[in-house]
Amino acid sequence: GCASGDPLDSGSDGGDGSSETIVIGSQDYYSNEIIAELYAQALEENGFTVDRQFRIGQREVYIPEIESGAIDVFPEYTGNLLQYYVPDTEAKTSDDVYAELEGALPDGLRVLDQSPATDQDSYNVTRTFSEENDVTSLADLKNVTTPITLGGNSELATRPYGPEGLKSVYGVEVGFTPIEDSGGPLTLKALVDDQVQMVNIYSADPNIKANDLVTLEDPEGLFLASNVVPVVSEKVTDEMADVINTVSAALTPEDLVALNSLSVNDQESADQIAKDWLAEKNLF
Amino acid sequence: MIEFRGVTKQFPDGTVAVHDVDIVIPPHKTTVLVGSSGSGKTTLLRMINRMVDPTGGQVLIDGTDVATVDPVKLRRGIGYVMQNSGLLPHRKVIDNVATVPLLRGTSRREAHARALELLDTVGLDRSLADKYPSQLSGGQQQRVGVARGLAVDPNILLMDEPFGAVDPIVRAELQQELLRLQGELGKTVVFVTHDIDEAFLLGDQVVIMQQGGRISQAASPAEILAHPADAFVADFVGADRGKRALHLTEVDGRSIVVDADGRPAGVLAS
Amino acid sequence: MIEFRGVTKQFPDGTVAVHDVDIVIPPHKTTVLVGSSGSGKTTLLRMINRMVDPTGGQVLIDGTDVATVDPVKLRRGIGYVMQNSGLLPHRKVIDNVATVPLLRGTSRREAHARALELLDTVGLDRSLADKYPSQLSGGQQQRVGVARGLAVDPNILLMDEPFGAVDPIVRAELQQELLRLQGELGKTVVFVTHDIDEAFLLGDQVVIMQQGGRISQAASPAEILAHPADAFVADFVGADRGKRALHLTEVDGRSIVVDADGRPAGVLAS
Amino acid sequence: MNLFADAIAWLVDPANWTGAGSIPQRTFEHLWISALVLVIAAVIALPLGGLVGHTGRGREPAVMVSGGLRALPTLGVLTLFALWLGIGLQAPVIALVILAIPPLLAGAYAGFESVDRRTIDAARAMGMREGQIVGKVELPLSMPIVVGGIRSATLQIIATATLAAYVSNFGLGRFIFEGLKTRDYGQMLGGSILVIVLALVVDGAFAITQRLVVPAGVRAVRTAEPRSEPTRPRAIVGQPITEGNQE
Amino acid sequence: MNWLWSNLDRVGELVLVHLALSVPAIILSFVVSVPIGWLAHRYRWSRGVLLSLCALLYAIPSLALFIALPAITGLGLRSPLNLVIALTLYGVAVIVRTAADAFDAVERDVLQSATAVGYSAAGRFWGVQLPLAGPVLLSGLRVVIVSTVSLATVGAVIGVQSLGSLFTDGFQRGIQVEIATGIVLTIALALLLDWLAVLGGRLLMPWTRAGAARAGSVRPVAAAVEAS
């Protein structure tokens, strides 16, 4: 039982003949794994055989594998995925992003329905900082007199919504400190310890609520909306798509935060979290 | 019979280790090569089993030039015992003794049986057969070395300072053992040492070598003492000084033999 | 004068290395401790400079119990020469010889001047002063070791198998050198060896030790040969067998002294 | 191989040589943290190893500790300490110190152990005090191995200090992480090349130091090996066996 | 602790994956190093070159090698094979010097005597040289085992699953137990493999036990302990 892959199987040999087995992948990110697990269990409930290839890593690693057909279903985020294909996209709202994404995908790939749940980049400050500087929106940052350092993964430094974007869209100058845990506990600790004053944390991260952080509003649409959406290959039949769409429709933004919280705070496994949620929602 | 005919060995770095040596080593006798360090004894010895090939001249065994014999085959037919016994540390005593028979393809059973007999021959208890060399004392290791040298019942036994590394008491024991063995077996033994006492004790023929790989004298011990060929030999064996220039003295009614420095060498049998 | 009074040494692991030894080592003479391996010679020697402390009895130097003397001070006043010379490989010859004077606070200049003289004393060329020990031959190293032992002009010189590791020819040379030196300097030398020939050559008094750290006999060489105290001694010095049981034989008109095995031991002076 | 061209291009781009986060700055940071770690680890490990080697006691624990620490995954230690201590240099310094201790410890005790007991014995018999034996005999004679340990520790520190960038904005590892996350593999490889060059330069400096601190007599031993043998030289020592063996 | 109980499956799986990464790398590096070490031993001139190359290899940051390697091998970035190759390279860097030393340590006299009793060149290598180099080779292998098992975790940073994934995941989720579990298991795995190697060494080289028994009984150097 090594579900997540025989170590010597690079995953590049997609068509191993058994057409009824569906390969589901996930990012090397706990929240993404939970969603993948939701899809997997839902499909299994409905009689499909699933091969889990979870925790693959970054987008640049797994996208080629989806494109090559080695992976059939992969939970993605509309905004981030669109930026991958169209780095200079102008789309901002959920629907615009989704629409443009559908067109941007290469042949053989498609996205199913997007879920109401979002998990997108967002800038957060501590409650104290917010109150002392009277900041609730990115636009308010202009008035802050003390220097602001932004913390986030190193790629943020070059993303359009990074320091450059802040400057061009909101006219705010910030310093940057790379912290490589994707908005995880280290980022949080740096913020709480005031080593950085603003951090990039995914909006579905339960730590935002747990630590009483203030997510700054984004009136100018610096970030594109990023809803949870499955990218699938042609091997995914309509029946399968229906199953996954049902899951997507049922997954609310609050649900996603709650699921993440179960993972981070209660330290439950993705498998368990998914099972409980599906049972609770009574979908199938 | 082993015969050296005008044998010279010059190493690639230019050292002449053996220079134009002519000598006959008689069969069934012990010939001892003696000389100080670097006089070419080892080199001379090793030319017999082709561990070293001469750069000039010929080495003949019973009339056959060894250069025409496959070295590996040649060596398997000649016993070789060296200073620190040269046992294979990763093989049990019995396997060490049986090395060459096994290499030659003798069955394991037979080789082991013969090896056990050989332990008796060299005066070792059979219970040592299953030990590793490191578990033996220096003297015991040396005996195992001799047993290994005898394993294929070779006509020729080459011994390169076999007792050089054991303490004097054990050495004396081993020398006696070798004399006994040789009395029984009558091999052609070529023995290297730089201890003139040992040479005189063991050698039927003693070959005295001097720096540069030349032979100064080859004769029986008594002859060498009585008529040293030259000043070097006389000095080397000490005939004209110190310990071999003896005289008698009386101590409490016994005749003590004393050397030139006045140190006692022994008691004269009455 | 060094005196052992009922000295016993039992090591923590229970080995009794020296057992109830009483002996007087006379000044300005050479006393040789001889015996087979493990008979406690080294242990006995080391009790003189407190490298080992006895577990019973006393060691006195000129009437003072060494146990009352600071070991470091004691050692700086006693020469010590050991088998492998024990030179410091990272110091030049001259600094090795000058080690103890420098430790004692003698000025560098003075110590070096004295060290150069000592090189003369032990028969080494002064040009070797700036070499490192590894650049010297074994015999030369040993001489440097002796020079170092003499550096503070000690009354007592302890030598633990100093010539055990050099080849017999060099060894004979070193032995002669030591005899000469001792003739000149007249130190109280305590010399350890397991070579009975060496003991007879060098010792004014020879102390024969047997297993378990007991003394079998302490007397002059001639006395020991003439009257071995017991069977062990007789056997050990070989008085009743082999090489020390001599008789005469004629070869070509010269009297050759031959041992019990028929091997020549020397030529009788006419 | 295109990747290597990218790396070279990145390396020679003058823009990368000035300003905040420039190559010189990152290199300096990298050297700085490596030196810091080396000093801390040496202060802990060298005296301890020397003590073990000098007394001969505690050898087993020392071997076990240095073996066990080698098994400690640096990444795990780094992340664990980072969770406790937050971003900054503390966590990487701790993780790297743990990484550097085994080679230093092993070098120190092996070095002291390697000193010929008889030489020490002779020094004691001459009347050297324990302190003098350590300082004048054991220390100089153990130098080649001790410095060897320091050298290998340094090499490891410099190569692994790249991981420091995982939890801090520090060192040449930044280029590697930035390159990794932004798919700028030229930058990543360029950064790696810088680390390798740095390691080799430092290693070369060590090779020279090693020459300087190894006492001349000890060096001579190696070149004049046959002569140092207490017994007579064995003629064949040091010569590969080719004679009569050409079959 | 909760984390551990609910993730036993995954942990077990990662242990297997980790083994599958490190064991082939360990074996490969050993097999590759022995001949290289022999070359360095046999031909003095090659020694400097080979050992310097190994030092250079050792200086490459692991992360960089993990990324650069696919560019050279043409394998996918996520292919565990890359990691195996990278780990093998590090293993080689560690063990070659030891392998050269191992062959150096075989006493010339023993080789001479093997030649003298009539071993052929190949027979001597397999029957004498290699087994006698064994104990030192084993010590090198043990270092490689420990360092490879530990180093394999770094692959997690680029998304190759191993026990290191417990570090990256635990780091993201802030679960210390998860990281600690990874550390403990990595060490345990290293020690287990190390123990197996020692055990194998005992079985294959019975004479080393006999030698140790005697070495232990050799009398201690009197002065070292005595007069201090």
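Each chain gets a letter, A, B, C, D and E, in the order it is written, and its residues are counted from 1.
One rule holds in what follows: contacts are C-beta pairs under 8 Å (C-beta built on N, C-alpha and C of every residue); 3 or more make two chains touch, one makes a residue touch a chain.
Chain labels with UniProt names: B, C = ABC transporter ATP-binding protein; D, E = ABC transporter permease.
Since we're looking at a predicted model, the values are computed, not measured.
Any chain touching chain C that also touches chain E appears here: B, D. Think of each touching pair as a link: the shortest run of links from chain A to chain D has 1 of them.
The two chains most heavily joined by C-beta contacts are D-E.
The chain with its Cα centre farthest from the Cα centre of chain E is C. With chains reduced to the mean position of their C-alpha atoms, the one farthest from chain B is A. With centres set at the average Cα position, the gap from chain B to chain C is 31 Å. Centre-to-centre spacing of chain C and chain D amounts to 46 Å, using the average Cα coordinate of each chain. Taking each chain's centre as the average of its CA atoms, chain A and chain B sit 85 Å apart. Averaging C-alpha coordinates per chain places the centre of chain A 40 Å away from that of chain E.
In chain E, the residues that reach two or more other chains under the touch definition are 109, 112, 115, 120, 158, 168, 171, 174, 222-223, 227.
Shared interface positions of chain B, defined as residues touching 2 or more other chains, are 37, 49, 51, 72, 83, 194.
Listed for chain D are residues 82-83, 118, 121, 124-125, 166, 231-232, 234, 236, 241, 245, 247, each touching two or more other chains. By the touch criterion stated above, chain B contacts chain C in their complex at residues 36-37, 167-169, 172, 176, 179, 194-196, 200-201, 221-223, 225-227, 238-239, 242-249, 251-252, 254, 256-261, 263-269. The touching residues of chain B, counted against chain E in their complex, run 49, 51, 72-77, 80, 82-92, 99-100, 103, 131-132, 134-135, 148, 158. Within the complex, the chain E residues that touch chain B are 109-110, 112-120, 123, 128, 131-132, 134, 205-207, 210-211, 213-215.
Those residues of chain D that touch chain A in the shared complex are 82-83, 86-88, 165-167, 169, 174, 177-178, 181-183. Interface of chain D with chain E (complex): residues 1, 3-4, 56, 67-68, 70-77, 79-80, 82-84, 117-118, 120-121, 124-125, 130, 155-156, 158-160, 162-163, 166, 173, 176, 179-180, 185, 188-189, 191-192, 195-196, 199-200, 203, 234, 236-237, 240-241, 245, 247.
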